[in-house]
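The following pair of complexes shares a single chain, subunit A, combined with subunit B in the former and subunit C in the latter.
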Partner chain A sequence: CWGKQNLKSLLKLIVIALTPAAARDEFQEELVIRPLHSGDIYASFQFRTLWDTDFLQEGQKVSHYRLFPKSLGQVLSKFSVRELHISFTQGFWRTMQWGQPFIPSPPGAELWVWFHDTVSDVDGNWKELTNVLSGIFCASLNFIDLTNTVQPSASFKPLGLGNATDHRFLRYATLPREIVCTENLTPWKKLLPCGSKAGLAVLMKSEKLFHSSFHSQAVHIRPICQDEQCSSKAWELRQTLNVVFDLHTSGQGKKEWSLFKMFSRTLTEACPLASSSKVYVDITDNPELFELSPATPLLGQAVVLGDRRTYSVYDLSRAETFGQLRSFNLLLRWKGDSDMLRPLLHAERYVAGFGLQTGEIHTVIYNNHPYRAFPVLLMDSVPWYLQLYIHTLTVTSKSRDNKPSYIHYQPAKDRHRPHLLEMLIQLPPHSMTEVTVQFERALLKWTEYTPDPNHGFYVGSSVVSALVPSMVAMRTNFTQDQPLFSSFVPVKEESSYFVRVYTEPLLVNLPTPDFSMPYNVICLTCTVVAVGYGSFYNLLTRTFQVDEPSPPLSKRLANLIRRMRGVPLLT
Partner chain B sequence: MPEKQRGRYAALAIAAVVIVVGIPLWWKTTETYRAWLPFSEISELDSLQLQLSVDIEVVFSRGTLTPEQQKKFPLSHVNEKEHQVDAKTGLRYKYETRYRTATIMEEDALNQPTAAEADLSLHMLSESSCGSVVVYVIPESSTLLPEDVKVYVGQRRTALLRSPPFKTSWNLKEVLSNLDVEVEQVVSTMSFGHQDIVAALSNRVRMTKVTKESMADSMRAIKSSPGYEITFSLLNPDPKSHSLHWDIEGAVQSYIQPLLNKLAPIANFSVDSQILYYAVLGVNPRFDNSVSAYTLSADSLSHVINPVEARLGSNAASSNPVLNFLLYVPDAHHSPLFIRDHSKRKVPSNAFHSPRWGGIMVYNVNEMYGPEAERPVDININMAKVMGVFLAQLRLMLGVQHTHPPTGFVLQSPGSAGLADWELDRLLWSRSVENIATASTTITSLAQLLDQIGNIVINDNIAQQVSSAVTSLQSAVAELEAGNLAFALQYSREAILASERAFFDPSLLHLLYFPDDQKFAIYIPLFLPMCVPIVLSLLKIVSEAKKRRADKQAKSD
Partner chain C sequence: MAAPLTLLLIVAVTIRAVLFRSSWAELISERVEVVSPLNAWKRVVEGLALLDLGVSPYSGDVFHETPFMIYLFHFVVDYAEIVFMIADGITAVALYLSIQTYNKNVFRKQKYALESDRYPADCLELLRSPKEMFYIPLKVAMFYLLNPFTILSCVAKSTCGLNNAIIALFILCTLKGSALLSGILLALATYQSIYPLTLFAPALLFFLQRLYIPVNLRRSSFWFFTLQYAFIYVGSLVVITGLSFFLLGSWDFIPSVYGFIFSVPDLTPNIGLFWYFFAEMFEHFRLFFICVFQINVFFYTIPLSIKLKEHPVFLIFMQIAIISIFKSYPTVGDVALYMAFLPAWSHLYRFLRNIFLVSCVLLACSALFPVLWHLWIYAGSANSNFYYAITLLFNFGQILLVSDYFYAYLRREHHLTHGLYLKKKDGTEATLVLK
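Up next, the complex of A and B:
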């Protein structure tokens, strides 16, 4: 018997030796919970799959998938995609109340893709790609066409490996009207290796997730370096889901929350396929603000968005995290109130003017830094049916004209291309900069109106991208053990960090006709033509004869009486 | 009265303008664009007469014939059979048999010690064309074949036939007629059979007198398509206890790819694989105490696939039909798991397939580790075992039919290629016929539809697709008739592609529904006030002219 055991263990050794030495793909999951100063809770899930392969390699087709989802891999290799970023957002991120999100996204759907520079027909690939993605994510991405696609020249640089700068291979489109719901969440969850069966994803119950102030789910795919020297490349698939729960109103005014309250589930295990599975709770403001239980001895520090934050770290791959009950539930009680956080960069937008002919778009950008000026890139993509008067473009800061140092403007072509306006504006310290431009509303053809035209037409968010001066030194060196949420945007220098801010989308009313109009017009014109034609016809075909005028009525009556009396008649 | 005359002329002129200019203008501006379609040729295709020609070569080796008999060679003979499948579809098989004696090199090849070696060296001598059959008649006393074997069918397109005892007194005709029955058996094994061809026509013809078996065969095989996606999925419902490794890349290279290379003329294949975690079957297996194992009965198998299929995902990058092959490793608490057939016996392969969908194999791993093993257990999957099952299922799905050779026949196993040349030929025959049947049905129904609904716009590109489909179909039929199987298949594939593209073109749906009553509702406000005066004045003119003629008549009387 002993011999058999020995043999078995020997066999096992051989088996282990035969399996590939290093797994070529790796999966990590992470949940960050940050209590916001407004009393809301911000929960951010991040799932990362790293795969050491090359989709774009010539001749060799990647077709065997393990952790990376097959459907996305096929899309990448078929359309020669270099980088793909797609987000679905319900609700608007309130920067002034909540601060900066880890990964920002505009309301509705946003898609931007860098194609590989071997692609010859980028527009064709883009059209087909949007159709395929719309199938994968059950979203109306198929409504993306040339009329709402732009090629920003500076605002959307590749986030991954490679410094492609030829924006002919970039496509950017937003659908601000897109409504995000469970049918988008289910296919998104299906891309995770563990699905929603194990790990952090069990918390994603859609009735809770969509009963929130803000919900945003995204997929980011990019090629990245495996190590600091960049000797080997890998593909990174990052799935993120950000939710803001308004626990103040839904929690009957009590300021306390728990995982169970938020998601109506607790955690019982990590995803067995994950190499790391962690929950972070932002406790920078502790202990004045709230009380956390169970407490953990594990603390982590990370520099996120120009700020050094302290986190309680719960490692789900360790059995002691789950305690006696075999279940992990975080509990947090608020103790006091605190001031509102002032983000350094903030932007908002509205449409001004009256009537249905002209209007004015106002974009207001705030620099809240007390003493530092910094430049921002503002990108606006406006549909063609708002005809921008670019000569009315004004940029004012502190009631003085602020001349942008770079302007890229691509005028719209009716029914073909939207306006694209990109500007590099220097924001003076502690200032408010206002960008205004006037527009005229175009008349659409009657088939071009949406089914509910009186609701108005959406104009996508403007995008403000900036390198904001950091309060603390950012970490530029590449380390594997950084938490995921702090390592999305590559940091190039210590003194500043990259931020992207989306403004509100606009809702603009266009002059709307009465849609029974075509039939009315046909009837009216036909009647007019018929009346004109009738009299004309009459005039041409009638023959006119000189007729004896008949005697007046009095004379006839008189003659009648005369005839009865036998008196000679009157003539 | 000149004034009255003028009014009459004016009315006539206006009526003339309306009729000569107005009506053609209205007609021209409101008509739908309809490109010309080859309707007459399409209606010819509606009644399809297919002729399938097979070249048969019968080679007599030394010692089978007497020298006098040999003198009359070479000789050829044509045999035709006709079948009327239904009122509009007819089949004619033409077997063209040529007889000759073996060359010296062929004699050498036939002197090899075993039949397999002889088959190989005969193949090296000459490449027979696609669809043809070569039968070598060897002497009765030959040791090439075992005692009780009459016919040996090789890996290529050749068969060895042990000659029946001939009497030396027979003349050649008698010898050949004596041989005919055997040759016919060989040909019906190695080339198409009537049932397969009728089954391939199932798109055109209502099935009536097809045997149950060939019906099952044709139902099981996936429909002919220009490409297929083959997806292997490893289902691991329990990643906590099992960490599974499968060398799918190597297995595909060594087991699946040779078969697909062989099948390349039929369709394009692409192979991919994935691993799905926490994917479970749709039914709970029942624990059977007698064997202390979980069992899935044959009746419950139909419920297994649906829940799994939601996880499989469709291929995002193409719209070709997908063949799924799932390897299911049961979780630790439900192991081992066995499939039982209708007679409650354990299925030896522990696998089953679903027609036109793919196959599922259950792979038990519970014996590979002890209860005290540390979880998750690393397990390497034996791909040879798995791929053997999947390969057999793949052959079924692709329509490589079971042949039931008559007694005394030996079929050489296809070897590493997975498919013998003559098996491929059988597939090519039925695929060509199936493609022709499908494309002709598509084109005729499209033509019928376009003929019935006059409002459909027919664009030039649709007309072009239809004409190219029609010409490809005609060429495919012609090539079948000429016996060029490879070309016939290629043309039939082109025909099917073009016809489907025309049929599913989105532009055909534009303005499909534009009913006449609505059209007239729009026209009436214009037409009614315009036409009434014209018609009335025309009536008046006519009645006046009649009256005048009557007056004239009266005057002349």
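Up next, the complex of A and C:
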């Protein structure tokens, strides 16, 4: 038997020696359920794949993919992408009723990419990248072109590694009109290592997910440090899906939620490829607010969005979570009502004015902190056919003029690029700041209108980015075992946390020409020009002459006969 | 004549000042008939604001004024209202003086022709008397200053008023005989908007007539003077363009100003023919029709110059009218400039055929423009076709007006050479036709 053992270990050694050193990759999945005070329920899925490899290495093509999806890996190396963030959202996040989301996203599709500094033609890479991504996600991202792409100078700093300050390598575009449906969910689910067959992804059934107030799926790819000293780097792929189920449409008015009610499925097993698979339920307001079953002894605490929250943790990699029935179904039953803590930063936007000639965009930003003022960076990208007049820009806080300390304005070029306005505004404590700017609506060529021109044209959401002062000290040290939802945004200092708020997109009507008239218009206008030409031609080429009337027919016939006869003619 | 002119100026300034201070000023400066993307005051302010922000005004597509305007308004933007009122006053006084000079010339030529018996006996009633010509310059100034179109244009602070002032000064210098100043001012007018280029021909013809150089392409004296004048004109244009380069240190203003005028990318409605035509144009033919429409403005110059080579001042009137009708972004300020000349041709009244129809059409259209705009943009009960129809009618009326005056002018000239009461071969009264 010594021989057998030795043979086994010898074989193991040989196998290990012969296997090429594969890059290590790791997959984690988690689901956070947060009951909201209005009776709705917020579920946030996060799937993270970490991979120790370098896509941007010269010469070495990565070919052996295991947990990391090959389609995305190839995209990263082909287009020298350093960071990629894409999100598809249906619905608008109601900050005042639901608080801050873990990962904010604007309605429609949003894509922002940091390219590597070695790229020489960023616009060309951007165009190809949007087309490739539109194929991967079955979305019409090919509508992203130079007329709706901007290069923000300060609002979208890299979330991963990289000391990039040159915003020439950044591209940001948003398609507010984009609709999200099952067609987009399916390829998104296919990118997961376990697909939708095992683990948390089995809960993602489209008939329940899209029957919600808010649905957002996103992919975030960035390079990160593996440890404190940043001795090794890895690529991180996060796929997030945020969904808010409405009390009345999905919950039938009963303040009682369960996994089965939300997703029409229960969990049966964790994804075998995942190194950790957990479900977190926010029980900070327990036990007065709601009752949770099955109970669990595991508790976790995390500081997220400036607040210390307590979570019940269910570890799906342990068999006892699933109980006797081999199925895990959470149940939350409401017991009472309470008030929500008001979010510290909130923004709204609307169009004022009447008629189809001019209008005004009003952006209102609320600072609900009782005594702290903090600066926010407001970024507005307005399409070229709404001509902004920057001299009409006014920023007022508490009915007094509030001059922004930094304004970066790039005016639009017709049919080439949109307006980009970025401002750093200091918000006084407990105040409302209003930013107004006037615009004029352009008349477009008849081929530039969408097939439904009277629906209106969408203006993408404004982005308000800020470092909000936090009530609780945020952890700046890096730990591997932090839950995923609290480690998305890197925390640089203890006293504040990063928040990005998206406003509503706007729907603006433009004056339309009559689409049935091209031929008629050409004819009529050319007629008027021809009338001018004709009158001038007559007056220029003809002279005045005395009008000798031509003789009547009888006289002419008589003259004809007389000529034949050789007799003198009649006059 | 100084006293009535001063009184007129005072009345005009009062009307404008009253309107500036009322709530109408804001309303008028938004009207698309009065301002266009080329000369709106809002855009001048926007350009100056962009310059303050450190961005070149020409980097966007909102500012289409020449650097000369930036230079000027950088210093006087707070006194803009006074600047525009002064510009209107300068235009009126320049037109007054030029028509006065022109009338003197006309009367002198008439006297010589009468003394040398060049007029047939029966057309003596067509001759002009000093008494009838006395008030014409004042009427011209009045037609310009008190024209509602001019008042609207001034209250809206449209830079069209400044362009009109430059053109009026050019006409004055031409009629006074100063080739140098005339060339410089024409270069400035061309630099502002390219179309006054066509006024080169009438100015040249006037100088040739004045210096008794016959217009004969085979004679060297003709070419000698033409080259001199062209040199002054082109030279000043080059100098002005070069100076504009040094303002912002780039040639960005050329595509922004001249490229914009020629390629008509902005389809904001105005009183011209271009906007709806190019809004409904098939993409394939766009370039072709742009070229056709732009050539349309310029190509009447040579034929008109040949026909009217003895009458350069009427040619100036015709050219300004053609520019105002067929330019890419016309406004009522351009229309007001050629309408100011109409009293100078008041002796043609008996030969005008359609003047009642034309005045009714123009009045009706001017009244309907704001109504149909409101119905389209604000009430939503009409659509763009209504406004377009009135545009067509207004331009048609203008074309009829100009061609009517041209007809009357040519007819009077014919009568002056052939006699007023023409008889047919059989002795009965004849009718004149164009054949």
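Methods note: the second predicted complex is superposed on the first by the 493 of 571 C-alpha atoms of A that agree within 3 Å, B and C clash if a C-alpha of one lies under 4 Å from a C-alpha of the other, contacts with A are read in each partner's own complex, and residues count from 1 in each chain.
Heads up, the rule we're going with is that a residue touches a chain if its C-beta (ideal position, glycine included) is under 8 Å from a C-beta of that chain, and two chains touch if they have at least 3 such contacts.
Just so it is clear, the structure is predicted and the values come from calculations on it, not from any experiment.
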item	value
Partner chain(s) touched by A:Lys78 [first = subunit B, second = subunit C, both, neither]	first
Which superposed partner A:Arg400 touches (first subunit B, second subunit C, both, neither)	neither
Contacts of A:Arg565 with subunit B and subunit C, given as first, second, both or neither	neither
First, second, both or neither for A:Ile522, with subunit B first and subunit C second	both
Which of subunit B and subunit C A:Thr543 touches, first, second, both or neither	both
Which superposed partner A:Phe354 touches (first subunit B, second subunit C, both, neither)	second
Subunit B and subunit C contact sites that coincide on subunit A, given as residue numbers	522, 529, 531, 533, 538, 540, 542-545
Touching residues (chain side subunit A, partner subunit C) in the complex	354-358, 384, 387, 389-391, 407, 409-415, 419, 442-447, 511-514, 517-518, 521-522, 524-525, 528-529, 531-533, 535-536, 538-540, 542-548, 571
Contact footprint of subunit B on subunit A as seen in their complex	8, 12, 15-16, 18-20, 61, 63-67, 69-72, 74-75, 77-78, 132, 135-136, 190, 193-195, 197-198, 269, 272-273, 519, 522-523, 526-527, 529-531, 533-534, 537-538, 540-545
Complex interface listing, subunit B residues touching subunit A	1, 3-4, 6-8, 10-11, 14, 231, 239-240, 245, 248-249, 270-275, 277-278, 311, 313-318, 369-370, 373, 376, 378-380, 522, 525-526, 528-530, 533-534, 537
Sites on subunit C touched by subunit A in the complex	30, 32, 42, 45-46, 48-50, 53, 55, 59-62, 265-269, 273, 275-283, 293, 296, 300, 303-304, 306-307, 325-326, 376-378, 380, 383-385, 388, 392, 395-396, 399-400, 403, 406-407, 410-411, 414, 418, 422-426, 430-435
